[in-house]
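Listed below are the structures to be examined.
Two complexes come next, and they have one chain in common, subunit A, joined by subunit B in the first and subunit C in the second.
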Partner chain A sequence: MSDLKTKLVLLLGVALSVIVLYGFLYLEREWEIGVLLVMVPLGVYFLKRANALTYYQHAAREMPRFTWISFALGVVVLIMLLRHEDFALLMLTTVLLYATVSLGLTIQFGFAGVVNFAAIAFFGIGAYSMAILNQHFLHIPDLLIIFFSGAISALLGALLILPILRTRGHYAALITIAFGILFRTFLEVNDVLGGPQGLRVSGLEMFGWDFGNSFPNELGGGSFYVAYAIVALVLLATGYLITRLIEASWLGLNMDSVRLDEVASASFGINGPRWKITAFMLGNCFAGFAGAVYAAMYGFIAPASFNLSDSLLLVSIVLLGGIGNPVAVIPAAFLIVVLPEKFQVIQEYRLLLFGIVVILILRFRPSGLMPRGLRQYFAGRFG
Partner chain B sequence: MRQTVLQTKELTVSFGGLKALNGLDFQLCEGEFLGLIGPNGSGKTTFFNALTGIYRPAAGSVLLHGNDITGAPPNKIYAYGITRTFQRLRLATSLSVLDNLIIGNQRNLNLGLWYNIFNRKYFKQRLQEQIQIAEELLSRFSRDLAVHLFKPVSSLSMIDRRRVEVCRALISEPKILLLDEPSAGMTPDETRALMDELQHWREQYPALSIILIEHEMELINKVSDRCVVLNYGEKIAEGRYSEVSKEPGVRAAYLGED
Partner chain C sequence: MDLGFIAQYFVNGLVQGITYALVAVGFTLFFGVLDVIKFSHGDVLMLGAFTALALFLGLDQLASPAWLSLIIMLCIGTLAMGLLGALLCKFLVLPLKESPPLNTLLITLMFGSVIRESVRLFFPNGSNPKPFPALLPEASINWGNLNLRLDSVILIFTGALAIVVTHLIIQKTRIGLAIRAVAQDEETARLMGIDFKKTVLATFALGSGLAALSGISTGLYYQEINFSMGLMLGVIGFSAAVVGGLGSIYGAIVGGLLFAFLQTLGAIWFSVPAYKDVFAFAVIIILMAWRPTGLLADRSAERV
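Up next is the complex of A and B:
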């Protein structure tokens, strides 16, 4: 394939995705979404029959950077198209933030094999850090506060490292579940953190721009969510880049090795605990970043937003997408966040439905909708 | 007399009341090819696991070049230059052949966060070096296999997987190689081919010492310089295979004679 042709194929893929995503976010009547829901799998099926999907995958492997950047720009276009739709932007931002947390989970159990059923707790730590730091340290720039929130999340997560390193499989999972519950209870009884009533969070202010105002008219005007959506997109894009680079380096190789066979990898000099700790802290850091932006966007946080069920939802995003595939969490997050919002009927049975989805995936497609491929260190030949 | 590389003194490993290894005195010389034989459950694999730090010895000591390394963790043992293969293959089957080999060369990888994530140009050079090393090593064992460098291990046949495992243990140019029944699941011809390659390797690296656990007595007879026979965790005989195989104690352990 020539370079130009490859690029055209990639751009076509982005354009198609943007149209479909726009449809899902913009349309409101249930029958319209229903039609879309039937058409998308059909479209995917025919594209697959025509080998267009394989063609696209080859193109993406040849030019990973172009793919990544064109997708990010595609989402910017999507945000601009939806700039007057508050609710659609809110959903899109939530998708971007949840996808960021899921990338953290991908590093944790997709790469290093550390289970984490407390993702929402680390998200929550980030959110509460944002609320408190923003209130008490007005002179610190908000960008730095987001950064600190991630760091605090990673450091508090470090408390769990010892018990997690000393346990295996189900037991490690139980420890994280316990931590998630403990976190919520702690928030509820702690008056400094607002107790069950929660806390107000002031909005972001970056580069001299108050995010609470609507999007400036010179740039086309629009909802104040536009700014948050762009921040969330930058966060996700950065997170994705870091995750990919980890995968495509000795770090990812060592993490995979630890996950697949800890005894054998130790016999080849790999320090298992080192990689588990690295993955766990990095993943929680991602969750903390996302939580901070989420808190600033909503302007209000309470313990009730950080339930075990939300952690399970994040885990189901990773399962649905494909464990260990950083690309896969993005469409999966979209499906899991947007569909229940669009179908009010589903909304009530949300958890029930996720349960069914998880069971079906585990039974029929354990490697997810987009299974992870072999490691690709660089564009083209390697791997 | 050649120099002693590895020595154990009164090495004991116990699981509850059972002594899987009982006061084993053992030594390995530089460049030696030693056969470790004995009936099932006699403690051969346990011995490997105790040497490589997977099991902690209950008593006794392990000396490498005279330095006490008893109870050192597996990653330290690897850093000292001892590598192994496993009786039941322990490759990362969902990863590529290349990835598996690079895992074996861990000692020569730079694991810094900055270097791995941001210094990609430099990383690419290191990767190309590793690919070259892996390709050369694989093609010594099998030209056909070297073509499959970028394929997942799960797509390989049994013999090729064995080869990958042996290569993974050799790629870091160890001082001591521990082979745990490499012939399991292979035809005699395939085993012979593998052993011939190992002999070539030894010619190039004469200082490499090998301990081989094996049930094929003919193979032991052919390749080993010396044999150690274990039974119930104790050493019952030691010497050249032709001598050892005649000893009544050994015959009794294998054939059940009184």
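Up next is the complex of A and C:
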């Protein structure tokens, strides 16, 4: 394929995705969403029949940098298209933030095989750090506060390193579950952190721009969520880049070997605990960043938003997408966050339906919607 | 603190501990035969309690005496949950035998949330707590500060009896022998002509029946049940089983009692009683760091 042709194919893919995403976010009537829900799998089926998907995959493999940059720009276009729709932007931002946390989980159990059922707790640590730092240290720039929130999340997660390294399988799962419950109960009974009522969080202010204001008219005007959506997009793009770099490098190779067989990799001189710790801290850091932005966007946080079931939701995103595939978490997060919001009729039944859907996926397509491909040892370029 | 108070805490803790141990025994049984964690266990417990409640409401219409109602509730509740456990195993757990353990954990968790949501949505007025009938005799003895309720004593003895019976089933019966054989080595057990599937299903039925029993006794003790009670009881039961050491029935009992003890201790120590769960789970995490395969594990860690 010539370069120009490849680029055209990639751009076409981005354009199609943006149209579909726009449809999902913009349309409100249930029958419209229903039609879209029927159309999309049909479309995917026909594209597959026509070998268009394989074609696209080849193109993406050839020009990875162009692919992800074009996708990021596609999302910017999407944000601008939706700039007057508060609710759609809120959902989109939530999707981007959840996808960021899921990337962290991908590094943790997709690459290094460290289970984490407390993702929402680390997300919550980030959110609470944001609330408190923003309240007490007014002179620190907000960008730094987001960094600190991620760092605090990773540091508190470090408390679990010893128990996690010493335990295996179900035992390790219990430790994170216990930590998640401990975190939530602690927030509820602790008056300093607002107790069950939670805390107010002031909005972000970056580069001299107060995010509480609506989007400036010179740039087209629009809801104040535009700014948060862009920050979340930058966060996700950075997270994605880091995840891909890890996956493609010897870091990811080491993590993969630790996951697949710790004993065998130890006998080849790979330091298993080191990679597990790296993956665990990095993943929690991602969750902390996302939590900080989430807190600033909602302006209010309470223990009730950090339940075990939310952690499971995040794990389900990773599983639905395909464990270990960083690309897959994005559509999976989109499906899991947006669909229930769009079907108000099923709103009441959404947890039930969600449970049934995940059961069906696990039972009949356990590798997820987009399974992780084989590692390419001779890929050549990477972006 | 005087002796009466301590005795009171002890009795209350014992009732809790026995309930936790009943749940933990289930986890340990499933892990023993199939190396899986069935996380819907807590919700099966809750469904058992709700089944019993529904039966009671039906029997109440027929004006059946309390003791008869109770027996019917216990029998049908336990049997129904045993059946549910076996079905769950047949259709969701066994087919995933070859996939990563994370998948089994998730599928059962999701099945649990399906049960929970179904009760919340389809049980009449299911999202509110339901009063559970007080069917046990209400007599009590006062000994200084100790108020010993007869129902606590009955519950402690019933729970202990159930655990002993389970132990006897596993140690003395044919099916118990099969369960132990499968737990020790699945392939050899199959070669010896043991029906693997039947054994696993029986184990799941047994464990789920125990869960129903502990659900009903929780209802009888607190005289209130709600749709989300299973979540916490499930996690606590799992913690108890893991801290004791998965695969060991004694471990489950020790773990269950230990967890109740930690909660009681936390409630006494901290001025805010809600810290008791924070304390209990923190100690569990520390214990796991100290003994990574539980206090009484019969499977030693892999050594290189």
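The criterion applied here is as follows: the second predicted complex is superposed on the first by the 375 of 383 C-alpha atoms of A that agree within 3 Å, B and C clash if a C-alpha of one lies under 4 Å from a C-alpha of the other, contacts with A are read in each partner's own complex, and residues count from 1 in each chain.
In this section, a contact is a pair of C-beta atoms (placed from the backbone, for glycine too) under 8 Å apart; a residue touches a chain by one contact, two chains touch by 3 or more.
Predicted, not measured: the structure shown is a model, and the values here were computed from it.
In the superposition on chain A, contact of A:137 is made with neither subunit B nor subunit C.
Applying the stated contact rule after C-alpha superposition, one finds that A:300 touches neither subunit B nor subunit C. Counting residues of subunit A touched by each partner, subunit B versus subunit C, the larger count belongs to C. Of the two partner chains placed by the overlay, only subunit B lies in contact with A:269; subunit C stays clear of it. Look at A:87: by the touch rule set out above, it reaches neither subunit B nor subunit C. In the superposed model, A:257 lies in contact with subunit B only, and not with subunit C. By the touch criterion stated above, A:356 is placed in contact with subunit C alone, subunit B being left untouched.
Looking at the shared chain after the overlay, A:245 reaches subunit B, while subunit C stays out of its contact range. Touch criterion not met for A:45: it reaches neither subunit B nor subunit C. Put simply, subunit A uses residues 263, 266-267 to touch subunit B in one complex and subunit C in the other. Across the interface of their complex, subunit A is touched by residues 31, 37, 92, 95-96, 99, 101-103, 105-107, 109-111, 113-114, 117-118, 121, 231-232, 235, 238-239, 242, 246, 272, 274-275, 277-278, 281-282, 284-286, 288-289, 292-294, 301-302, 304 of subunit C.
For subunit B in complex with subunit A, the touching residues are 52-54, 73-75, 77-79, 83-84, 86, 90-96, 98-99, 102-104, 106-107, 109-111, 113, 116-118, 120, 123-124, 127, 131, 150, 152, 168, 172. Contact residues on subunit A toward subunit C in their complex (touch as defined above): 109, 115, 160, 162-163, 166-171, 173-175, 177-179, 181-182, 185-186, 188-189, 263, 266-267, 308-309, 312, 315-316, 319, 323, 348-349, 351-352, 354-356, 358-359, 362-363, 366. Residues of subunit A touching subunit B in their complex: 242, 245-246, 249-251, 253-254, 256-257, 260-261, 263-271, 374-375, 377-378, 382-383.
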